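In what comes next, chain A is part of two complexes: it sits with chain B in the first one and with chain C in the second one.
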Partner chain A sequence: MFTRLLLSLLLAPLAASAAPAAGAEKASGFILIGNRTGLEDPDLAAVRAIFRGEQAIWPTRETVLVVLPSTRADFSERFAQEILQLNRNGMQRHWLALVFQGRARSPVFLDSAAAIIDFVRKTPGAIAMVPASEPGPPRDLVLSQRR
Partner chain B sequence: MNLGRIFRGVAFRIWLPFAVALSISILALGVYYPRVQENLFLRVTEQKFTELARATALSVELSIDRDAFASLAKSIEVTTKSNSFAFVAIVQRMSDGTEQIFAVNPPETPAPVVLRRDGRGLLYTSAPFNTPDLKGSVILAASEEKLSEDIRTLNLPVYRTLGVILVLSLFVVALLARALSHPIKTLTGFASQLRTGHYSVATPSRPYATELKELQDTLVELRDSLSAARLGNDEINRKLVVARDAARDADRAKSAFVANMSHEIRTPLNAVLGLAHLALQTDLPPKQRDYLLKISRSGRTLAGIVNDILDFSKIEAGALELESIPFSLGEVLEQVDAITGEAAREKGISFSITGTDHAKTLFLGDPLRIQQVLVNLTGNAVKFTHQGGVRIDIERRESSAETVSLAFRVCDTGVGLTPAQMEKLFRSFSQADVSTTRTYGGTGLGLVISRRLAEAMGGTITVESVAGQGSVFTFTTRLRLSVEGASVRGSSPPAEHRARLQGRRLLVAEDNEFNQEIVRELLERSGAKVVIAGNGAEALQTLERDPAFDLVLMDVQMPVMDGFEAARRIRQQPALARLTVIAMTANVTVEDRKRCREAGMNDFVGKPIVPDRLFEVAARCLAPAPSGAS
Partner chain C sequence: MISNPLPRCNALAALLVAILGTQPLQSANATSIQVNAFGHLELTASRPENEVNSSFSLGEHSLFVNSSLNERFSYLGEFVVRFNTAGSNYSASIERSLVKYAYSNNHSVIFGKVHTPVNYWNDSFHHGRLFFPVIDRPTAFSYLIPLHTLGLQLQGQNIGALKWGYDVMYGNGIDSTDALQEGHSPAAMVAVHAKPIEGMRIGASYFYDRLETNIPGAHAGHGIAPGFQRANAYKGAVNFHLACVSVAWFGQEHEFLNEFVYNAAQTELAGTADNYANFTYAGWRLRDHWVAYGLADFFRTADNDLHTYPFKRMKFALGLRHEFNHLLNVKVQLEHTTEHHAHLHMGKISYWHIDRVPGLRVQAAYGF
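Right, the complex of A and B next:
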């Protein structure tokens, strides 16, 4: 709890200063991809809120479907820490509570960036983040990209 | 509708025990079966919730271990949609052994309710889960209120079904009861018809029950027997009616015979008495006078016997009618004294009347009948008394504003009566003993007639007697007090009656020559001028020629034209409408009197003619003669 609070305090000024000047990809090594979400270069706070399950419907009226890296994906820990400011277990427990309470649609956990990109490409309303180091996803899926 | 009759009826008596038994059974079933259903439902629900909790716990494990959140979402969706669902929670077991709520659905569920696990109205089930990162249990609670609601919903068809079964059962039992009672009612109606004599009633349809069949067979046999008996009775009744009619005809013939004989006897008797009376008015040698006196006395005795027979016939036929006219008791007593008192004095015994306080009181009643009873009782007393005397004591027994009950005690010092003689004293044609008839004469009807007359006047006659010492006959009667001070018959002395006939012109219609002579002689001796007509037609012709008569004495039974027809024709002529017509007849029945009045006659004189009675009636009907009348 204390760790989460500390991370929030550290990242908040960073996010606040970065948000107006640059996109979310500038704060992380991830590319935000989505299929028919209607998003355009969201900032990190918005991205974090989405991946914390706080948004249910896209502006396109599509249902939000969060795609997360599974425990077998090598970037899952980094994703949890950088994007959600949680460790991997914390991310799982967060989503366990959300799904258990019926507050969010259950996320889809996939084992690799390629699987994630493929799933997003095929699933309208899906949103995910893949490491920028991975082979680039189709341009039409990219919502914000590292420059 | 007569509810009492229904409740006491066979159908209700049959239906009621079944209805009570069925109602109790179905009520017991209605209580027992839902409880069984409830227990079963609770067990099934608990099992189902336990399985749901296990599935949810497994989904939690899969979500943590294998990122299988979809199965968790599905499990939660299924769980929360379950009937009776209250909440589902993940309770994390901490490393220090305490428990902490990890997540709860619905999220607003209070933490104590989740953790305490003894919330009232909740049914808890739980299933553990165990992952390296998260250990604890899934708790699933059901709401007992919702469970009860579900149970009620579950039981509602049961109640409805039981209700329908009860109603149908009662209806079926009612039909059965009616099926049993209806033939009984039908047979009851059948029997009622028989009771009221309707033997032609059709046989009811045959009942199913053996006992009722036997009952019906018995009733049908009874009907047939009664019907046959009725045919026999009808024949007997028909014969009885014929016999009754014959008896009535015979009775009428007897009555007519008695009436005719009365007339036939009275007419010559009238002549005998009248002529004897006239002859006794003339100068006669002592021996002839004695003969005539004996003829006259015997004639009066014979007239009394005829009167007794006539009275008895009328009483037996129920044709006795009493008058209700104002009269003075004193005058009645005077007549009694004149008739039997004179006889007593002639016999050398005393005769007295005491208690004459009521002598001047005017009563309403039949003075002639009262006089007849008193004359009979005192006449008997005089007849059977040889020394001492006869006394009439009059006393008032009861009185009210309108009526007075009087008792006339006729006491004598005569031969008296033994108990055996008293026993048959009031029987018809019966005297104290045979020797009495030989010694004293009489028909034996006098006391019977007197008692019947007394009873008809609201009283009776009783007797107390000691043989050899005398008798007391008590005649009681109830009389109404007269409010009229009106005319009382016979208020004037006989001499005054005769004086009123002085110079009057009288027409006498009489077919019997002896009677013509007697009446003429009696009336002319009183100074009247008499014209004789032989029948009604002659009388009518005489009046048409010369209507200036003061009075007509009209015999009723005459040849050519009888007195009734003659009177009717007189009344039809305006010039004669106000002429006084007095009937003379030996027929003295009430019916005859009625016929006389209806024919327009003013009064009535019986035969044999009693001179004083004739003068009295004629004087009453005539207005006082104007002065100087010749």
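Right, the complex of A and C next:
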């Protein structure tokens, strides 16, 4: 506890510059979907950590498979900024580096919300976010809604 | 339709398998194996005393393979082809080849040849110039950092609120090859890091090896100071201690990296040589795709060092990096290097020769 407090004080200036733009923490118009993840309505920090490749195995013992919107998906930039606090280029660079380091399993990039929903539905361990404005994914895939 | 920026390429995978002389696995299909390649091209112009040099060069190119073997096991390989400056042809090497077993969330056991995770740079960048924030590795990577280790590694990451990580490694030492360790003097390493805020990583490590005959293997990447030759170097045992501290901060607008290295090279003949290196990089994102940066790279081995031998080097550089996208960037770097080369007489340093070299370098780094 003391260590965390001390680090928080020391890193406060950097943390301030790393903080998202006002309102970004309120993300967003996305629905979190997953298949046999064992997650129950995780908060945004937990969601961000998952989509940054910081979780490898779900509580269900399924292997984590992150599904991301490709550059062809019209919501990829918004997803990158609101969920990962990166731009789209930064998101792809982050994952390329992570896989190159051998520290995470390769994500799958798909071109549309429909393709993402279909992939998650068929793939145990898969997790993704799709815009809330899209036609709804099956109820059993929805982990949380953030509007 | 899958559109992966880390493209899956069966043809390249098949070529790789053919090159390595192995049979393709039944499971090596589009969903289980992924191949990427990285490379770079350079233009260098420098002005040592009384002359001007300039040349284009083809940098090392690496083929990178990542494959999920099953739910828990994965394979990662990196195969590099580079121009052999000692001869006039290309040489190939296996830079990484490892099997990873993720036995619980964020804890793994790794067996194989890895980048020794002694510091942030060696763990994060290594052969992928695309990921380098600047054109070159820090100088310490040519002399003090044990680039690779072949052995067993325990790895943990993103543990707890501060996202702690650890790496514990036991394997073939600096004086081994990829196939042979003379005697029984394996290297050991322990490293810890934390990521207290997004984009930041702070870490420290300790590495120990005993070099029985002071002859580093090719995979360690340990050179000898300019003006000295390994054939004529000290052949006794060296106790090689290495401590590293890394502070990395790669935010959206600002980037900072400091790599500090302390090395104690102990010999019966000359006692303990205290060697130091420090690399500092700072970058500022000017616009979405432009980053201006500066670096200072300091390196010094002690006068009584019998592993690297006496050498001092200082480099300053200013540069500009343009990131076209995550697969292509170009860096332009103005630099000034000062090197102090020791000259021996009767086993003692008689004088230092100083080289001051300004230079301009341009590098295009890409991945596909």
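Going forward, the second predicted complex is superposed on the first by the 119 of 147 C-alpha atoms of A that agree within 3 Å, B and C clash if a C-alpha of one lies under 4 Å from a C-alpha of the other, contacts with A are read in each partner's own complex, and residues count from 1 in each chain.
Basically, contacts are C-beta pairs under 8 Å (C-beta built on N, C-alpha and C of every residue); 3 or more make two chains touch, one makes a residue touch a chain.
Note that the coordinates shown come from a computational prediction; the quantities given were computed from them, not determined experimentally.
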item: Partner chain in contact with A:A126 - chain B first, chain C second, else both or neither; value: neither
item: Which of chain B and chain C A:T71 touches, first, second, both or neither; value: both
item: Touched partner set for A:A80, first chain B, second chain C, both or neither; value: neither
item: Which of chain B and chain C A:A56 touches, first, second, both or neither; value: second
item: Contacts of A:A115 with chain B and chain C, given as first, second, both or neither; value: second
item: Partner chain in contact with A:G102 - chain B first, chain C second, else both or neither; value: both
item: Partner chain(s) touched by A:V47 [first = chain B, second = chain C, both, neither]; value: neither
item: Partner contacting more residues of chain A (chain B vs chain C); value: C
item: Footprint overlap on chain A, comparing chain B with chain C; value: 70-71, 89, 92-93, 95-97, 99-103, 105-106, 108-109
item: Residue numbers on chain A that touch chain C, as the complex places them; value: 3-4, 7-8, 11, 14-15, 17-18, 49, 52, 54-58, 62-63, 70-72, 85-87, 89-90, 92-93, 95-97, 99-103, 105-106, 108-111, 115
item: Interface residues, chain A side, partner chain B - complex; value: 68, 70-71, 89, 92-93, 95-97, 99-103, 105-109
item: Contact set on chain B toward chain A in their complex; value: 60, 63-64, 67, 69-70, 72-73, 76-77, 80, 88, 90, 102-107, 133-134
item: Chain A-facing residues of chain C, complex; value: 1-6, 34, 36, 38, 64, 66, 68, 71-72, 74, 76, 96, 98, 100, 102, 104-106, 108, 110, 114, 123-124, 128, 130-131, 157-158, 161-163, 196-200, 249, 251-254, 288-289, 323, 325-327, 367
